[in-house]
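What follows is chain A paired twice: with chain B in the first complex and chain C in the second.
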Partner chain A sequence: MSKLLQIALGVFTSIGGFLEVGAIATTAQAGAAFGFQLIWAVLLGTICVTFLVEMSGRLAAVSRHTIKDALRERFGPRIYVAILVSDLLINLMVLAAEIGGMSLALQLVTGISFRWWAIPVGVLTWVLLWKGSFALIENGVSLLGMVALVFVVAAYKLHPPMSQVVGGFIPTLPTERPYHYWFTAVSILGAAISPYLFYFYSSGAIEDEWDEGHVGVNRAVAAVGMGFGGVLAIAVLVVAAMVLHPAGIEPERFEQAALLLSEPLGRWGFYLFAATLFISCLGAAFELALATSYSFAQGFGWNWGESVRPRDASRFTLIYTAMIAVVSLLMMSGIDPLRITLFSMALTSLTLPLVTFPFLILMNDGDYVGEYGNGWISNAAVVVISLLASLLALVAIPLQLLGG
Partner chain B sequence: MMDIGRQILDQQLVDRSGINIGKVDGVLLELRGDRPPRIAAVLTGGHLLARRLHPRVESWARRLTRRWGPRHHEPFRIPWSKVRKIGIDVRIDMGADEMVPWEHWVRDHIIGRIPGA
Partner chain C sequence: MALKGAVMAVLTACSSSAKKIEKSAHTVRSWTATADATTNALAAGSVPRVYGVQIRGAAEQARRQAVAQAEWESLPAHTRRELEQAITRLQFWLASGDTTSRDE
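Coming up: the complex of A and B.
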């Protein structure tokens, strides 16, 4: 039974790390612009992130090392600092997007501009991290995050043409606007395969004190958790394809994305959209802030733990405190949240091999995983998908910037 | 038999009560004439990590910490005789106390001043 509760970690990781402002924005864009055509990108991202999450749980359970801890040990300080710096920059941008997402949810409901919400939202996130234990945050977000299922309900109520939905699972070349098509595909991949998500998960497994007995349950948690995230993301895309695509609306602002649920569900849909956006972004903000703190603490050997009192892990606490403060101020200055979201997702795709390749070396190193090393399928899936995402990003990002 | 690069260097150092001290940033070998060298101590903290990154990073770190942060700048030497267990972590039979000056500095100057810490 207690092992069943571990599913909470998977669901939390999924709601926070998978279905957040990035996934909602990118899949809504995809559905609005290209109908069901880009479902394959969500599927590919889900497969890759499921493998990566399973690996990071297995590494933690077998070696009792988090990914970052093991990376520092195995590759030494120079490579570690290089990984840490790129990680920090991307996490800052994505956290800005999440704080922006929560602020926009409040703007939708209150009509007061998101800029004024950035600081209160930052303070809320910080207070919950400062006061809350890991279990409280994990279970709270998983439970509240169930509100995201409203997208599945909406997708069902809209009666999408099943043959077209199924057709979307097969990659096809774009018939119009190829730059935008590939950029959107890259952003979807980046939104699904968020490195902070599996760094966070491996630390969560250590905080929940996993051991070799958890290898089996870890596989289930990864598959159920990420599968849950993938289904929700596809549901957002389907709803956007049904509601926005025929109307020719392409959300250039988040207010337009709020229409997604208003059509199938009326006024309630509007509030449920705001609630889903807020909760999933809050979950992601927790994960990003903690994942960055974990990265510093584990790489440099500091005391760490979300359930440890702040004064007993002062440097760990300082990192997330400073990060939330900087990002909240940044968002108050009025940067467009949608833009920073799409750009940071594409950048995540670009830097993916830098993250996944050293991780794969660990997962094939007997000193760490013993007999629980990777099989060829997981190695191949991660290599192929992360290389593909990175190469596509290398081409699509400059084209998108040039093409406006 | 022990592989210093794999089993000691860059491993987590943990004190006798389970507090993380830092990583093993260096290993000190004692050269003993025509007998084989042996490990005298492991090193952690100070500007050692900065030096391993690049000598220029070390000089930046020295300049930055001249007026700012804790007073202690030299790496700590943990005699090999105090090293108890090498497995997942390197455990030592000593207390972390003075060996985490930055942890204490941040606690006393920033985090400890926030209510509820």
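Coming up: the complex of A and C.
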């Protein structure tokens, strides 16, 4: 029973790390601009992140090392610091987007600008992290995150043409606006394969005291959790393709995306959209803040743990406190949350190989994973998808920037 | 050789300018559709008035930004007019007070 409850970690990871402001923004844009044509990008991202999450849980269960811990030990401090700095920059951008997402959800409902909500939202996130235990946060977000299923209900109610939905799973070349198409595909991949997600997951597995007996359940957790996230992300895309695409609406601001659920579900749909945006961003903010704190603490040998009292892990708590403070101030300055979201997702894609390749070396190193090393399928899937995402990002980001 | 370079430069500039106009038209049409969809949603009672106010503000801002760009004058007259009409319709709906009872 307790192992079945571990599924909560996977669901939490998927709600916080998979369906968050980035996934909602990128899939809504994809559906609005290209109909069902980019479902394949969500599928590809889901496959890759499922492998990576499964690997990170397996590494933690077998070696009792988090990914960051093992990276520092295996590659030494210089490479570790390089990875840490790149992570920190991207995580700060993504955390800013999540704080922006929560603030926007409140703006939608109250009409008060998101800039005024940035600080209260930052304080709320910090207080919950400070006061809450890992289990409370994990189970709370998993439970509340079920509200995201509203996208599946809406997709069902809209009766999408199944032949076109199925056709979207097969990659096709764009018929118009190729730069925008590839940039959106890259952003979807970046939103799905967020490195903080599997860093967080491996630390969560250590916090939940996994051992080799969890290798099987880890596989189920990764598949169920990420599959859940993938289904939700595809549902957002389908709803956008059914509601925004025919109307000719392409969200340039998050406010436009709020129309997604009001057509199929009426006034409740509007409020449920805001609730889903808020809860999924809150989950992601927890994961980002914790994942970065874990990275610093594990790399520098500090005491760490969300369930440890803050006074006993003061440097660990200082990292997330400082991060939340910085990004809340940044969002209060009025930076466009959608823009920062899309570019942080594309940058994540660009830097993927820097993160995934050292991780793959660990997963094939018998000193860490013994007989539980990677098979060729997981190695090939991660290498191919990471390289593809990075190469597409390398081409699409400059073209999109040049094209405005 | 120099002539070929000049022709290429002009062609590139034309192509870039055409793309900018197309992008601007796309943005304007998207905001027209957003304002119309919001007016319809307000009429159906499926979004609160406070949301309509936000969309009106955002659509007006998008219109101001579009007008400030050189491409605005190159857009088809009906595309420009439709955005203005859509914002006016939304504005009218919000001002009419009909939504008050629906919001309560």
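Methods note: the second predicted complex is superposed on the first by the 404 of 404 C-alpha atoms of A that agree within 3 Å, B and C clash if a C-alpha of one lies under 4 Å from a C-alpha of the other, contacts with A are read in each partner's own complex, and residues count from 1 in each chain.
Note that a residue touches a chain if its C-beta (ideal position, glycine included) is under 8 Å from a C-beta of that chain, and two chains touch if they have at least 3 such contacts.
Keep in mind it's a predicted model, so treat the numbers as computed, not measured.
Contact with chain B, but none with chain C, is seen for A:Trp130 once the two complexes are overlaid on the shared chain.
When the shared chain is aligned, chain C comes close enough to touch A:Arg253, but chain B does not. After overlaying the two complexes on the shared chain, residue contacts for A:Arg311 are found with chain B alone; chain C is out of touch. Looking at the shared chain after the overlay, A:Leu108 reaches chain C, while chain B stays out of its contact range. When the two complexes are overlaid on their common chain A, residue A:Arg339 makes contact with neither chain B nor chain C.
In the superposed model, A:Gly266 lies in contact with chain C only, and not with chain B.
Contact residues of chain B toward chain A in the complex are 6, 9-13, 19-23, 25, 44, 49, 52-53, 88, 100, 102-104, 106-107, 110-112, 114, 116-117. Within the complex formed with chain C, the residues of chain A that make contact are 107-111, 247-250, 252-253, 255-256, 258-259, 262-263, 266-267, 269-270, 403-404.
Against chain A, the residues of chain C that register as touching in their complex are 19-20, 23, 26-27, 29-34, 36-38, 41, 44-48, 50-51, 53-55, 58, 62. Here chain A touches chain B in the complex through residues 63-65, 69, 72-73, 76-78, 81, 130-131, 297, 300-304, 309-311, 314-315, 317-318, 321, 367, going by the rule given at the top.
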